[in-house]
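Here is the structure we will look at.
Naming follows writing order (A, B, C and D), and every chain is counted from residue 1.
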Amino acid sequence: MTLFERLKAAAPDAWRSYVAHPFVAAMGDGSLPEHAFRRYLVQDYLFLIQFARANALAAYKSRTLADLRAAKAGLSAIVDMELDLHLRLCARWGLSPARIEATPEHRATVAYTRFVLDCGMSGDLLDLHVALAPCVLGYAEIGRALAPAGVEALHAHPYREWIGEYASDAYQDVAAAASRHLDDLGARYLGANRFDELAALFAKASRLEADFWQMALDASEP
Amino acid sequence: MTLFERLKAAAPDAWRSYVAHPFVAAMGDGSLPEHAFRRYLVQDYLFLIQFARANALAAYKSRTLADLRAAKAGLSAIVDMELDLHLRLCARWGLSPARIEATPEHRATVAYTRFVLDCGMSGDLLDLHVALAPCVLGYAEIGRALAPAGVEALHAHPYREWIGEYASDAYQDVAAAASRHLDDLGARYLGANRFDELAALFAKASRLEADFWQMALDASEP
Amino acid sequence: MTLFERLKAAAPDAWRSYVAHPFVAAMGDGSLPEHAFRRYLVQDYLFLIQFARANALAAYKSRTLADLRAAKAGLSAIVDMELDLHLRLCARWGLSPARIEATPEHRATVAYTRFVLDCGMSGDLLDLHVALAPCVLGYAEIGRALAPAGVEALHAHPYREWIGEYASDAYQDVAAAASRHLDDLGARYLGANRFDELAALFAKASRLEADFWQMALDASEP
Amino acid sequence: MTLFERLKAAAPDAWRSYVAHPFVAAMGDGSLPEHAFRRYLVQDYLFLIQFARANALAAYKSRTLADLRAAKAGLSAIVDMELDLHLRLCARWGLSPARIEATPEHRATVAYTRFVLDCGMSGDLLDLHVALAPCVLGYAEIGRALAPAGVEALHAHPYREWIGEYASDAYQDVAAAASRHLDDLGARYLGANRFDELAALFAKASRLEADFWQMALDASEP
């Protein structure tokens, strides 16, 4: 049983509130209002900037060249690639960079991102990666769940691009590597009496991710 | 004009959304439902623990013995006194320590506290104290506003104890000292081109404080 | 076997280079030149200020009220008491506060203190306390070793005050509590594959403490 | 006058102790013993790893995408390129990667690198970059000084590769950009009363860099 599986097993309600959130269900059956998805896209871009900072924090906290290179790769992937990809996806939904950058962070974005950064700064690399796991690993699980027969079978699904991204082999491989990294960190930093603290942190992070979906659902029509 | 006054003048809407929030108005005229006040009390205790960490952070960041002693005094005041005072106030409202400690932090609590800690960690002492200013200085302003004729004139007001605490000379002095400290930090760290960044931070912190009131108002009846 | 004993057993040379350093031996037999002791006293005061910051860092990193209160107590002990005690000891050796505060930190002081702070910031509470252990626990071991027949038996020993301080029951109790705290942190954060990393950190900190003694021995006559 | 020039003017002795250190003079006239240069090379590699962490810290501390991208570029340059370049230079001096990685950090390496990281963590981006300036900008000044008639004129100089690297237009451009960045940070974060604090920090960092040269000169013959 991987550490990720143990964490989910220890926090089943929090996990379910996130991966089976109405936003996810509505995205899956295509009934999600477009304005909700747009709000999500914009806040997710702002989220990504803080996620880059979390990777920089992991690099700062690294004590081996291997950890440093891994964190650097994560930071570069966001700064050199994902931010631009994200802007292009936003453009296809009619959202200009100017509009995105002028949007203030929603409190749900602040809550999850700053919680992750504070966990990582006040704790160790294991805390940081456990706090990020709902995001990194949860998206892989959601992507897989929303494309049960493969991405091709989604045909003209309105959210095909998003689902396809996270259901893709490329992203599934990223998530599998992140899960192995979590196990490696666990072997170093998980003492006999720590699991409960970590599970509580994981549950809290999962609920903050659920709040992030809810924030998008609460968007009023434009 | 103090730095605090400049910050308020630069963010009038955010400031007003906080100090004139419906929660504050309802506390002032005594119409605030008790269950809303109870929710506030519990979350404010959880907030206070993070506020203690913010003072510890200020101590860590200190470069002069004077700054170190000031931050230590702030930390001691919370850990040695305010946490207990708070529990006693809670007890008078029927809230046991066990119940308080079993309550999870609300996302509004997470959002403001972790935002403050992240500002302080990623920035300097000025950032940290500007992010704390809505709390430290705002409470003094609210306390004064809710007791315009003095605390005695509140007679049997249901929220007299809370208002009296923040309208008291003792607390007003704490706030005045905090404002002077802000000016001193400004003289060291406020370069010609920084004010706008600081005002944006102040506005964001004020809105997150307003969300904290709203969280209490949103409490469903018990 | 306590974690502290395991760490010493894993780094015997580094530990010995510190607790059996010529400075310690010379202090023990009373042959240490006074100007070497004076240099030590001044740098140790500057060290203490950074040690206060390390306790503030521990408070910031705390996730339980018990950890927070313990770190706060450590910080208060230094800021409210030890700094003044230290200045009084310095005064008896003819060192004025003005002279002490005007002395720049020696590179040996910078090296050990900033190494500890960086370990603590980049790692977790266990890292921080392991990096501090040579100081907190080593001084207790040295005090005991230099007063084998008790403090009374030291009679008019020139360094009786220093030895007596660290050989005292009061300080031995502080050290015993610190060792138990280390075991408690180990039970939380010491995973199966971490011990070697921790032992290397402990060895490095011990050698930096040995350098601190050497810095004092290297003092030229005034 | 740039901020860098003001800092040098405020700390002329410390600056001179570094850029005109006997190590530098001996490298310039070719009389530097090879074993001193080798010790420098090995410690400089270990230094570079901490320098990468300092860039990661700058990325974590960034509040604008521009700052984040700049810090990311600095981190990538080290992790993706300079570490390997450095190993190749070491190889030409007979130093294998295995030997380098097995060498413990010297206390002079610990002192400067952890001082920089602590300045950056406890202060703001300006503190961090001022603490790094002796390294980033000082090497450009030294490179230029050791190749007064250009790199070609060095002919078969034994340290031509090192001097050529830092006298090169490419490196001079990096340093010029770093100086401009310092001015930009100064415009944001340098309040009326801060310069003295910053100049003290710059002087201390310069002296720790001088100690780093001295460490290499003190190397005993192999």
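Observations, loosely collected:
FYI, contacts are C-beta pairs under 8 Å (C-beta built on N, C-alpha and C of every residue); 3 or more make two chains touch, one makes a residue touch a chain.
Everything numeric in this text was worked out from a predicted model, so none of it was measured.
Judged by shared residue numbers over all numbers used at their interface, chain A and chain B contact each other through mostly the same positions, with over half in common. Chain centres here are Cα means. That of chain A falls 43 Å from that of chain C. Separating the centre of chain A from that of chain B, both taken as means of CA atoms, is a distance of 31 Å. Chain A and chain D have centres, each the mean of its CA atoms, that are 37 Å apart. Contacts with at least two other chains are made by residues 53, 60, 121-122 of chain B.
Taken pairwise by the contact criterion, the protein chains are fully connected, each one touching every other. Across the complex, chain B is touched by residues 49, 52-53, 56-57, 59-60, 62, 65, 68-69, 71-72, 75-76, 79-80, 83 of chain C.
Residues 53, 104-105, 107-108, 110-111, 114-115, 117-118, 121-122, 204, 207-208, 211 of chain B touch chain A in their complex. Within the complex formed with chain B, the chain D residues making contact are 60-61, 63, 121-124, 127, 186-194, 197.
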